[in-house]
Every structure is written in C-alpha cells, then in structure tokens.
Amino acid sequence: MGSGEISKDGDLAQLLGARGKPITVRLKSGERVQSTHGILQHDDLIGLKWGMRVKSHLGKSFTLLQPALDDLIRGLRRNTQILYPKDIGYILISMGIGPGQKVLEAGTGSGALTVALAYAVGPEGHVYSYEKRPETQTLAHSNVEGLGLADRVTFTVRDIAEGFDERGVQALYFDLPNPQDYLTQAREALQAGGFFGAILPTTNQVSILISALKKEHFSFIEVSEILHRYYNANARRLRPADTMTGHTGYLVFARRLSADAVDQERGKL
Amino acid sequence: MGSGEISKDGDLAQLLGARGKPITVRLKSGERVQSTHGILQHDDLIGLKWGMRVKSHLGKSFTLLQPALDDLIRGLRRNTQILYPKDIGYILISMGIGPGQKVLEAGTGSGALTVALAYAVGPEGHVYSYEKRPETQTLAHSNVEGLGLADRVTFTVRDIAEGFDERGVQALYFDLPNPQDYLTQAREALQAGGFFGAILPTTNQVSILISALKKEHFSFIEVSEILHRYYNANARRLRPADTMTGHTGYLVFARRLSADAVDQERGKL
Amino acid sequence: MGSGEISKDGDLAQLLGARGKPITVRLKSGERVQSTHGILQHDDLIGLKWGMRVKSHLGKSFTLLQPALDDLIRGLRRNTQILYPKDIGYILISMGIGPGQKVLEAGTGSGALTVALAYAVGPEGHVYSYEKRPETQTLAHSNVEGLGLADRVTFTVRDIAEGFDERGVQALYFDLPNPQDYLTQAREALQAGGFFGAILPTTNQVSILISALKKEHFSFIEVSEILHRYYNANARRLRPADTMTGHTGYLVFARRLSADAVDQERGKL
Amino acid sequence: MGSGEISKDGDLAQLLGARGKPITVRLKSGERVQSTHGILQHDDLIGLKWGMRVKSHLGKSFTLLQPALDDLIRGLRRNTQILYPKDIGYILISMGIGPGQKVLEAGTGSGALTVALAYAVGPEGHVYSYEKRPETQTLAHSNVEGLGLADRVTFTVRDIAEGFDERGVQALYFDLPNPQDYLTQAREALQAGGFFGAILPTTNQVSILISALKKEHFSFIEVSEILHRYYNANARRLRPADTMTGHTGYLVFARRLSADAVDQERGKL
C-alpha cells in the first residue's frame, strides 16, 4: 500500500517503537503524532526512506515503515470482536478472493474483513457490506476511509432479512450470529457455484448452520478452525509463547449450487 | 477466476464428484475429460451454468464449479513439498501482498506460492521467481501457465548466491533450506521497510535464521506456526477429524531496515 | 511392574526390535516368542538383566525391557476404540485416582482404562467395571488377567440402567455414548463430593451431558480436550511429526454434590 | 485422599466458593478459615458430609469437597514454575509410575511433581528428591508435609553432579535446565531398562538432550508436547475458552540400557 523508497504526503505510515503498539498514521504536512513516548512532526517523516529510525522530542526511537495489511487490521478502531489475520488469510484463499472480484459481506462489524476484502479485490473489484446497526457501520466506514479504500466499498445499513441488492456475486461472507436465517437471501445474491463463508464462535451454531446449508442445497461444506501459535524469536531459547489465543471461531465454507442443480437433486430424491 | 454465470471456452473449471479428488480443467471445445468415474465432453460442459450437475458416460454425477485459489493450489502437479493454503493465506496477509505489488520468491518449487502470489498481485503486479534446479522450475512454469497466470511471473533459473536482478521489491519470500545464506542478496533486492518471509521445517533452521536476520539488521522478527484442524461437517455428530496435519513449517517474518537505519543502529552501539 | 535388575519367570517383559511394534509377553520357562524377525526362547530371556539386547534365531536384535503402563495399554488387544495415554493420564490426575481407592467405570470396552485404573489404585484399591456386551468384557477380562491385575477388578455384565451394586465410590468414569441417561445411577454409587468423568467424541454429546449434569446437581463442571504432538527425536532436525491425532474425545469432569446440598440448592431457588 | 462420606479432624478439605480460587485446608478442631468472602470455623466443617454447602459469617456459600490431586497441585505454594496436571498425568503413565515404586527426581522445585509422585507410588513406594537450592526445597518439604505425604519422600540438598545415593530406581525425572550434564549420574541410579524423563522449555535444550542421550546409550527416545484446551461448560454456547496456555515444556522420555547392552552396542560399532 503505497510504493517507492521514500515516504510522501498522503502515504499510510507505521511508527514502531521499542515498546508499545505500532502507531499507524496517514502522513499529512503540518500535522503531528502524539504518543506516550513523545511527539513527532509529520514534516520530519515525509521524505524519509522507509525503514529509517527517527526520534521523538523525548529522544525515543521509532522506525518508519509501510504498514502491512496485517498491521492495519490489528490497528483498526473497533467496537466489536474483529476477525484475526490467521482467519482472514485462510478465508481469502479458501474463497478465491482476488483482484477484480465482486464480493459481499454481512455484518460489517468494525470493518476488519471489509478492509481485507477491499485490499484483496483491488481497484477493479468491489465489496458490498451490510450491517443493521448504523453506529457500527459508521466506525467501519471511517476505518476503511482512513486506509484510502473507501471507493472500493459500498456500505448499506439494512436488516438483511430484506435481501441484498446485488446479484451474481462471487463470494459472500457472514460474520453474524444467525447465518442460517439468511441463506435464501444468500442464494439470491450469489452466482451459481459461488463461495459461501461464515465464522461462528460456538459448536451449537455450527451444527445449526450445517443443517440449514444442507437443506438449502449448499454443497461441499467444510468446517475447520485455525490455531496460530507464536514463538519467542530468540535463537538460543526458541520456544512457543506462554499463552496463545485459544479460540476465535469455527470457519464454515460451502458452495452455492445452481437452481437447476437443486431441481436435479430434488428430482433424484 | 473467470466470471459470469455461464461457463465458456477457455475458462478454468472444476468437476467435483461424489468421491475422489476434484478434477481441474481448462475448457476447450472438442476435448474430453477422462476420469475413473467416466468420460465427459468439454462441449457438454461449455455453456452450462456454474453449479450444475452433469453426468459422465458411466452415469456418475459431477458438479461443474469455478475453482477457488485453494482448489487450484491443492490440484497442482508437484515434485516437491508444497505450501499449504493455511500457511499461504497468512503469508499473504502478513506481508501485505495485494494488487499491483512487485514480489520476489526463491525457490520456485512446484509453484504453489508462485500461483498464490501471481493471483494476489493481479494483472498490475508482478512476481519474480528464482530456482536453481531447471527441471523443478519447468513444472512450476507449466502449473502457472495452466492457470493463465504466466504473464504475471518472470521465472529465472539461478543460484541466488549470485543475487537477484530486481531492486526495490516490496516483499521477498524464501522457501529453501538455508535462507540465512542469502540475506545480503535479500537486502539488495528489498526496498527499505520491505517484508521478508520464510518457511522452515525444523527448529534448528529457525534458530539459525533468527541469528542471521539479527546480524543483517532485519528487524521486527516474528516466528509462528499455524495449525489447521478440520471437523466432520455433520450437524448431529460435530467433531474434529481423527487425524490432522501435525506440521508443515515454521513461518518467519521480518522487515528490512534501510541502510541508513543500520548505520544509525551501528552508531548507537 | 515387577522389580529387580534381573528378569524372572512370571514377569511381564517387552521385546523392542529395531523395527515393528514392541512385543509384550509374560515370561514362562519352556515357552517361546515368535515374531516376524525370528524366534526367542523364554529360557534365554529369564535371568537376563533388563535393558540387555538379545538375538532371535534369525540374528535380529531385541532389547529386553520392563513394559511401562503406557506400553501395556497401547499393546492391548481391542475390539473397540481405546482411550489414549494422553487422556488416561489426565483422567487419573484430575479425578485424584491413586493407591487404595475404590473406583467404578462403565462401559468396560477393551479394558484400557480398566488396566490404568487397576494399576493406579494398587493392591489395596479396587475397580468395578460394568459393560452390557458380554463379548466385549471377555476381551477386557483377558487383557486385565494377562497383566496380572485381575484380582483388583470386579467385572459385571449389566445394562447400567439397572444401577450399580456399589455405594460411596470415590470416582466414576463413563466411556459410553449416552452418559446423560445414567446420572441418577451415578449419583447413587458416588460418595458426596465424588468425581464424575466421561469422554465423548462429539460436541453435541458434550452439550447434552452438560445440561443433564446441571439438572442432576453435579457441579464444578470442566470440559477440555488434550492434544498430544510428537516430535521427531532428531537433535539436528528437530520438528513435529508430519501427522498427529486430531481428536480422541472431549473430557468432561464434574463433582457430585451431597443430597443435602441439592436440597439447600433447591431451597435457594 | 481420605475416605468416608463424612469429613473428620485431620482430613484435607477444599472449600469452593462461587468465585475465586478454591481454598485447601487440613481440618483441625478450633482453627478457622479466613477468606475474602468471610470466615468459617473448622468445627462447623468437621463432621459434615462431603459435597455440602456451608456459609461464611458473611453469608457467602462454599461447598466442602475432598480435593483431587489436581486441585492440590494447583494449590501449592510455589517459588518456581510448576509442572501442569496435563504434563504430570502423561509423565506418570508414560514412565509407568504406580504403587510400590522407587522413583527419583531432581530438581525438587516447588514440589508439584514430588507430590504427584508421592501420591502415585502410595505408602509402599518412595520418592527421592534432590535440589541444590536449600530454600527451594524447604518450600517443597512444607508443601509435601501439608498434604500428609512427607513419609513417602526423602529430600536431599545436593549438587547432583556429585551423584545420587540410590541405585536400581525404576524411574528418574529431571526438571532442571541442563539434564545433559547429569546423564552419567542418572545411569548409575537407574536400573537397567529404567525410565528417564525430562521437561525442557526450549527447542535448543531438547536438541542438546537428544544428542547427549544418544551418546550415553539411552534408547527409545520420545519427544512430545501436550496442549490442553479448556471449553466453556455452557450447553447452549459450547466453545473453547478465549485463551489457552501456549506452552509449558517439551517432554522427553528415554530408557536406560544395561551396561552389557552398551558393551554389545559398542562391540557392534
């Protein structure tokens, strides 16, 4: 995101200090970064080589880097549980989401997946994001805008029981507690063979969704979970970190069959 | 990959039967698909709606679907251990690889990561892939070409001890046993702040790489592993599968600091 | 099991070859061991130091060792899925099973847990094992007898819906598909504060059991699972094994409250 | 530990409140339990049925239970990292530790494994525990004594480079950072075929130990790790807990060959 060896006005930048969370800012001449380790002037950051170390007015060192998608997602302001990079990466690969695609998600939440989808589909693709709570989507909108991805996303505040406006989308992702209630709406929006995905925290929800998917003639259902285990990056004392995230959610994927295939199927029964 | 509701000549297609591996083909009028469950004519598949079921001459049912990246990667012909989707997804997210980027990998192997990178960078991006064994790269080349991604990849047969031709690349990935031997070459090719990644099967190799990265002034080193656990998609008997992949490799990521930052750093010591 | 530096007639012994499964035998003068790597005479094994290597008539090397409980359990003849050492170890610790205790299990299955319980309670303790399929229990009986533990176990063939004969037992373990149906019987047999345990393969069964335990005033319910990951014991190429067991079962533990406590509890409601 | 339906003077008892850690006490007429949720008189607890609920002077409810080994271990006072029940259970099973055995451990640490070993070997067995830091062993001694297991354990303060006093022990466990330095001493103490075990936090230590074990003619080396994942015991919302312990240590097991077997082996080389 951004290119070239030298930072310039308007670029997203990340300041990594010896301690504490990375700070993500969009560089803008005249502004300044305030942190618990001191103040930095944007004008001192603009025009620097990426990877350089800079000092705050308190003499604390920061490295100026271009943020990765992973960093941006972790740095989003949130008012809901957000998806983790370990899950998002597998979702993108598993649903074949890439440049030029048209994808749909509900609910928007804090926009972590929205950002990842908008990034992955590129300027030629588009993301349609539905959410019923207006205040939640306002935050997501601001998160997406802050990363310069707003023109790739159409946000809609709606109870999706009323259906989606899009048809023929290649992939649809549900991050909401009761995906089983919106499978008819999902069928209408998805192209035949399109990818359905959902994340659910409890085993009970997974059981309910599997049943509903089978009833609605979704097929090739896959259920899995991803555990991500960090190690202490110490060459002489290499070992896993003491604690790890024990659970984020179960990932459920399926493919939408065409209406004709469903008829075929029913004929067979 | 491909779009529209109806399959057409030249599209990548996937045939999923009740049993056995999915079959991936590029549709071409006049050709036919041979499987252990019977023969299908490409001309019977072209013009069908995606998601339809078709029957082989033996009466066996197949569903015609557009393949996901995940499926394509799993279906590659291979003569080396290939990266798994669980790892590839996280690699893409963690290194911020997306549309329009210029990325570098060595070695090519069977091309699983090459395919994923080429898919993710889109038509505006480019992948530079190095490998010292010509016969390995020939297979990868054919895998990439079969998926219609050949114009996004430059393949080079070379011992990378001699260095890379590119400069200022945003991300570089090493899938080879001794990444520590090529960190100088990696520094030269990567832009300041650029993303370094590697996968290694043993803890001993990880320790060696961590040491070398620190010595070569790479920074923000992260080591982790990803465990992917499948469940039986049975609503009434939901449970993890009996066996799982116990290990693929340790994922190591780091950021390249700028030469100036290295000088700053040395001055500090 | 057994003691002293020198093997003697009647001891359980284990023969470990360079390849293949360990062979467990009870040493008996005049008998012989037949293996795919040749024949060994018991009389050549009796009187040897434990840990010695011996050769079969084909010249193949075996090491003579005293078997661990772990080895004995893995070596049992079985006609059902058996509990794994990783689970058994935690079950013993978690339910405080040790020398001198009186414990109850149903169903017996192939006797893996029976053996572990009989071993752990020692000559002063006792195990009561119920099973409704006579042929299953016959195998378990023979497994327990073969290890010299028969006098510590009382086997009963019965549908436990009819209840247990014992009262005041310290721990009770259910390895059967519908433990929720026998909680009244479990209450009657367990002493107040006694330990209840069960293993169940599916999440659905776990949910049902949790509900039933709460309804029957069991308390301090704990649900967990144990993943055991083997490494290749190679000093220079240390890494996890390629595949691992993905699932055995969910472990559920609870404590039986006294009847008075249940009355107290009801009064409170 | 303890028996009968009714608590009596001298029994170990556990008080479980609605919140907070369980309180473990040895019942003694005239004493009292102070907790953040109020005071309880031992005399009000003695003679109660196990499993009953009692109220503190503040009206807070506690359940009176007999503690499991697991609870006792978790409740130990500690000045070092202690072994976890998940690891201890597998250690006991894997090394065949049971009633009547003679086992050795070094270092003592806070005595968690000491307690588990003393419990498992029963009144007929014995544990020999070595530690070089006197103050550490004082705590372990007091922990073991508090649980009424002191007569089953011999504590020795010594640098084990000087060797052990015992010979022919059936199992030996090292919970110290450099087990590779004491393998000669371990050989001398262990009977032929005896069980060697160790826990180590880092992969580097595991590699060093594997090399040393092979050089010292230990055999049947097994390396593994155990991950224990708790679930929320909620029937309608069953799911793993948000966080889990990511690492305790790698478990290494091996068998000591007899001196003769080593000679045989050397002759073969």
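Letters A, B, C and D mark the chains as written, and numbering starts fresh at 1 in each.
Simple rule for what comes next: a residue touches a chain if its C-beta (ideal position, glycine included) is under 8 Å from a C-beta of that chain, and two chains touch if they have at least 3 such contacts.
Owing to the predicted nature of the structure, the values given are computational and were not obtained by experimental measurement.
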| item | value |
| --- | --- |
| Comparison of B-C and A-C (more C-beta pairs in contact) | B-C |
| Rotational angle, Cα trace of chain C fitted to chain D, multiple of 5° | 180 |
| Distance between the centres, which are taken as Cα means, of chain D and chain C, whole angstrom | 20 |
| Distance from the mean Cα position of chain C to that of chain B, given in whole angstrom | 45 |
| Distance from chain C to chain A - Cα centre to Cα centre, in angstrom | 46 |
| Touching two or more other chains - residue numbers and ranges from chain B | 203-204, 206-207, 229-230, 236, 238 |
| Residues on chain A engaged by chain D in the complex (per definition of touch) | 201-204, 229-230, 236-247 |
| Chain C-touching residues of chain D, taken from the complex the two chains share | 1, 3-5, 16, 49-53, 63-71, 73, 85-86, 88-96, 98-100, 116, 119-124, 168, 170, 191-195, 203, 206-208, 210-211, 214, 219-236, 238, 250, 252, 255-258, 260-261, 264-265 |
| For the chain C and chain A complex, residues of the former touching the latter | 203-204, 206-207 |
